[in-house]
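First chain A sits with chain B, and in the next complex the same chain sits with chain C.
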Partner chain A sequence: MTAPPTARAAAGSSRATPDGAAPGGASPRRRGLRSPRTRARALELAFLAPAALYLLLFFAYPVAKNVVMGFQEYTTRTFFTGEAPWVGLDNYAAVLGSSLFDRALLNTVLFTGGSILGQFVLGLAIAVFFQRRFPLSGLLRSLLLLPWLVPLIVTSAVWRWMLDQDNGVINRAIGLLPLVDARPGWLTSTSLALLAVVLVNIWIGIPFNTTILYGGLQEIPGELYEAGALDGATGWRAFRHITWPLLRPVVTVVLVLGVVYTLKVLDIILGLTGGGPANATQTLSTQSYELSFRQFDFGQGAALGNVLIVISLVFAAVYLRANRRAVDE
Partner chain B sequence: MTETTGRAAPTTSPQPPAAPAVTAPRSARRSRPVGEHGWGSTAVGVAIIAVMLFPLYWMLNVSLQRSSGAVATPVLPFDLSFDGYATALREQSGNLLTSLVVAVGAVVLSLLVATPAAYALAQLRIRWAGGVLLAVLVSQMVPGIVIANALYSAYSDLGLLNSVAGLVLADAGLGIPFGILIMRAFMSAIPTSVVEAARVDGAGQVRAFVSVVLPMSRNALITAGLFTFLFAWGDFLFALTLTTTGEVRPVTLGIYTYIGTFVNDWSAVMATAVLASLPALLLLVVAQRYVSAGVTGGAVK
Partner chain C sequence: MVRRGTSHRALTAALALGVPLALAGCGGGDQAVGGSGGGGGGGGDGTTLRVLDYYNNEPDKTVFQDVIDACGEAAGVAIEREAVPGNDLISTVLQQSSSRTLPDVLMLDNPDLQEIAASGALAPLSQFGITAEGYADGVVEASTYDGELYGLQPVTNTIALFYNEALLAEAGVEPPTTWEELESAAAALTTGDRYGLAFSAINTYEGTWQFLPFMWSNGGDESDIATPETAEALQLWVDLVSSGSASQSVVNWSQADVNDQFAAGNAAMQINGPWQFPVLDAVDGLDYGVVQIPAPSAGDTVVAPFGGETWTVPQTGDADRQALAAQVVQCINDDDNMVTLATERGTVPTKPALVDAAVEAQPAIEPFAEQLPDLRSRTGELGEEWPTAATAIYTAVQDALVNGTDPAEALAAAQSGS
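So, the complex of A and B:
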């Protein structure tokens, strides 16, 4: 759905650019009709053209290509012979009919829901805490950003070692607890792996949630709290009746963005578990990767990717509504 | 943007569009009636940050210990050793260099593309501006794997697989939407009269952009550049899918290859992880205000 506006912008500017680049080429009469306003317009569009082209090539084209690939038998052979026979809905039938699909869909929902819930609740709690003014709070807040800035694959590597069943620091800490004699196989047990992956993703998402929510909290006028305090609204009541209602727009944006981004997550799961054990952490994203780049069935990988896009689009409606004001601004 | 490919990852690389909504009147600041909280709160804050940063401490700790097979690591690096770094540099320095080249290339390309677009969207009255902006926002929802899936076959035809240029092109795509959003927010705040004054003085549209708007937007350019660097440097998905041989291999893929097999030298893996985290740490120390500005997106106004 990115295509129409960008396509028009690109087409318009490519038509227009030569016009602007060739001053004096037009006859005086035509110039009277078309320039300099037309030339100025052409130049304005030229500012936009590279970005429009980029969006077209690196976002619109991949989406269109995936839609097409979803109807094709697109395998390694295609790269040699150039042939990608049409197979109608076979790819979708194979992908949606596979027993793995239900699993991956459920995992995607649990992964996204669990991550967002955890990130948001903890992120908000930390943001509210940092509303207090105390020494070093600015320094601490900026340090909090660090987990979010390091490459995700680094995060995966670190947590993989921390969650190691026999020698990981997490299990060693658990071992220190009295009366506990367990060494959970965080990443190797089919019942725990998804939980472990969600916990790591929560850790990654807290800084983002905290930072955006903190920004939103700072915009709430202090006088409201003063007035509320006079009416006896302090602590939890102040949060419930002053903070929360006023924070709602920011909350909506954070949650919807969080969902859209978490649906696409691939790095963390590939790095931590690779989708295993026994597909316990396989999501639509990782499964799509698996189909395309491990089994080299690009048609099926594309079909699953398209399912993922449709799910994102459902959220997009909410997302764009939340952002409409920002766009129109 | 792909996860974040970034982050999304945050991937995720979340953030930009959130910003404008957060950007309400700033006058409200500093009038918070919160009573003076003292060092007690600081202690709680330090505890929160300590928990949050523990994994990063652990990374540093493990990286500084003698490679001990798969044995449990002591809590402090009493037995200080730089063997891990020696191994990491021996095996990964080429990959680190590749990452650096790709990231710098992506920054340059994405700024070249995004800056004029941001200016056009912020200052010129263009009919399709709303449409383009919408496209930028929607592009954030396209899953990275979908982009990789299509780019793989396109790159295969164009001979761009296993090339620095191919990665630069793909990674620049991570930074361009973000750059447009953040720089547009900033440039919108430049009074139209400033640009018009330049025009009246005889500067053309391009001159006005280059010699008036660009210098004024320095901070936004730095922020956009820094984040594109982080996105490209941390990119894993494109590195994984758009390279098939060891020829061109960013350090993220180097780490993935390490942990993809049984690891018997975690200190080397963690040393590589520390080296791969250095840009993030460096930016936070050197350019903290730009980083905060970037996270809160349009709040740069």
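So, the complex of A and C:
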């Protein structure tokens, strides 16, 4: 929406100089370019073109290619011969009919739901906490961003050490507790592996939630709290009746973006468990990666990737609707 | 308003600059499939051959550089070598296949050869008059697709049982030679924080690779894994873990992790390969020995999978360069280089006739060398179907070790489900 004013400004300035400096020479040239309106229109399009081209190349093309690949037998052979036979819905049938699909879908839902719940609740609590000013609060708040700054591969490698069953620091610490004689297999038992992966992902996601929610909290005028306090709304009641309703639009953004980001999480799971043990942490995205880049069945990998895209799109639509409603209001 | 306009224009300019670059990149990738592209880089009369491999760590990197350079000189060509990380090799090859920029000489991990040969990207070596005479059968099988030889593999490796000499002496345990001895030795060596044995049962092809010597030596076969023989082999692994002689973490350990555990003294024995020698030799105060993987019972033959890389000539569309590349491949595989590569890298020459010379020069490889006649190729039987079977095998292993599923059931389920 910002392009037209810019285009008009540019068109205006280019016209101003010939008009002012040499009126006699300008008019024939202008007549040659037909009407000034067409010319302005062409310029507008010219300014839009780079952005449109960029979107087409880097967004539309890959998505379209992925959709098409889902209907093809696309293997290592395809790379050399260029032949990718059309197989209709075979890839979808194979992927959706696989015994792993239900497992991966359930894991995806649990992983996403668990991560979002944990990230959001803790993120909000921390954001509310930092609303008060206290010594070093600025420093502490910036330190909170650390998990976000560490490369995910490093994060998963370090957590993998810490969660090691025999020598990891977490189990060593548990071993020091009195009366506890357990060494939970965080990454080696099917019941705990998904939980462990979710916990690590929560740790990574807290900074994002805190930062956005903190920004939202800053927008709420302080007078409202003062007025509320006069009416006896403090503490929990202030949060319930002032903070929460005013924070709602930000909450929607955080939750929807969080879901979309979490659905596609790959590196953390690959780094921690590789989808194991015994597929206990296999999600749609790890499964899609496995199909494409380990078994080189790019057609099936793309089909599963498309399923994931559709799920993300649903949430994106929810987000856009919520956003529009917020604007309308 | 003004500031906004400026930044917007700057963005547009940046995009305008970016787009042609992106288009250029795209043109390379989407080139038509006519094969008119020729070999890509190099060119000119003082021919430069491009070589691609994954020996990007020392000492392998330098050892191979010397051999390849010498071979280039012998063939009268300059060499431009690229060594990518192991995990990136196949994706690099796929990219280069589609953009027609395959190197003149390409190294592949031996179980990948058939998959790449099936795509048509490699030239049959018979067209350059190259045969695989004198090589061990399994090695030739892995480099053959559809009756044609596509690669030559100079050296091979496999896995064996490494043991910590001090810990075994302390416990009064001899290196085990049978499964029964392996179980009792592992149990005797397990104390408090230390496990008797470490191996890799991870959910990747590495886990499958480690399981194969147990499966094959007991008569199991990848074409049908739901057999009592394979189930017995899996039961051995289950027993080792459930008795506490091996850590439950084996399901999450790569071979490098296993080696770390062994080097740190957390495991008294490990299943691993000779490529770990440099790492282990660098550990102060660690004396270790290596023996063959224990056989099911005394006198049984141990059948282990062989590893190592094979050298191929990709279809670059330039017959003259391909002929030169074939010369280089043959040179890398000549007798002298085989022995050099074997002794300097702790691997075994693939020609049985050269094994004695190599063992004499490098005694550490003996436990691996004595397995050479019985080494088996992973892709020899199933060819392109191997990845499916390999996936079923590690899936069953994980199922049995993690969920406690009965080995026979786990194997049957993995075979039918995958």
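One rule holds for everything that comes next: the second predicted complex is superposed on the first by the 269 of 329 C-alpha atoms of A that agree within 3 Å, B and C clash if a C-alpha of one lies under 4 Å from a C-alpha of the other, contacts with A are read in each partner's own complex, and residues count from 1 in each chain.
Quick note on the criterion: contacts are C-beta pairs under 8 Å (C-beta built on N, C-alpha and C of every residue); 3 or more make two chains touch, one makes a residue touch a chain.
Please read all numbers here as calculations on a predicted model, not as lab measurements.
In the superposition on chain A, A:P245 makes contact with neither chain B nor chain C.
Of the two partner chains placed around the shared chain by superposition, neither chain B nor chain C is touched by A:G88.
When the shared chain is aligned, no partner comes close enough to touch A:G97: not chain B, not chain C. After overlaying the two complexes on the shared chain, residue contacts for A:Y54 are found with chain B and with chain C alike.
Contact comparison for chain A: of chain B and chain C, B touches the greater number of residues.
Shared-chain residue A:I212: touches chain B; no touch with chain C. By the touch criterion defined above, A:P178 reaches neither chain B nor chain C.
In the superposition on chain A, contact of A:G232 is made with neither chain B nor chain C.
Using the contact criterion defined above for the overlaid structures, shared-chain residue A:N167 touches chain B and also reaches chain C. In the superposition on chain A, A:R77 makes contact with chain C only, not with chain B. According to the touch criterion, the shared surface of chain A, contacted by chain B in one complex and chain C in the other, consists of residues 2, 5-6, 9, 47, 50-51, 54, 58, 78-79, 160, 164, 166-167, 274, 293.
Only residues 2-15, 17-22, 24-26, 28-29, 31-34, 36-42, 44-46, 48-49, 52-53, 55-56, 58-59, 62, 70-73, 112-114, 116-117, 119-121, 124, 126, 128, 130-154, 156, 169-170, 172-173, 176-177, 180, 205-206, 209, 230, 233-234, 236-237, 240-241, 252, 255-256, 258-260, 263, 266, 269-270, 273, 276-277, 280-281, 283-284, 288, 291-292, 295-296, 298-299 of chain B touch chain A when the two sit together in their complex. For chain A in complex with chain C, the residues that touch the partner chain are 2-3, 5-6, 9-10, 47, 50-51, 53-54, 57-58, 75-82, 98-100, 160, 164-167, 185, 187-190, 273-280, 293-296.
Against chain A, in their complex, chain C makes its touches with residues 1, 4-5, 8-9, 12, 15-16, 18-19, 22-23, 26, 32-33, 90-91, 94-95, 97-98, 115-116, 118-121, 193, 195, 202-204, 247-249, 251-252, 266, 315, 387-388, 391, 395, 398-399, 401-403, 417.
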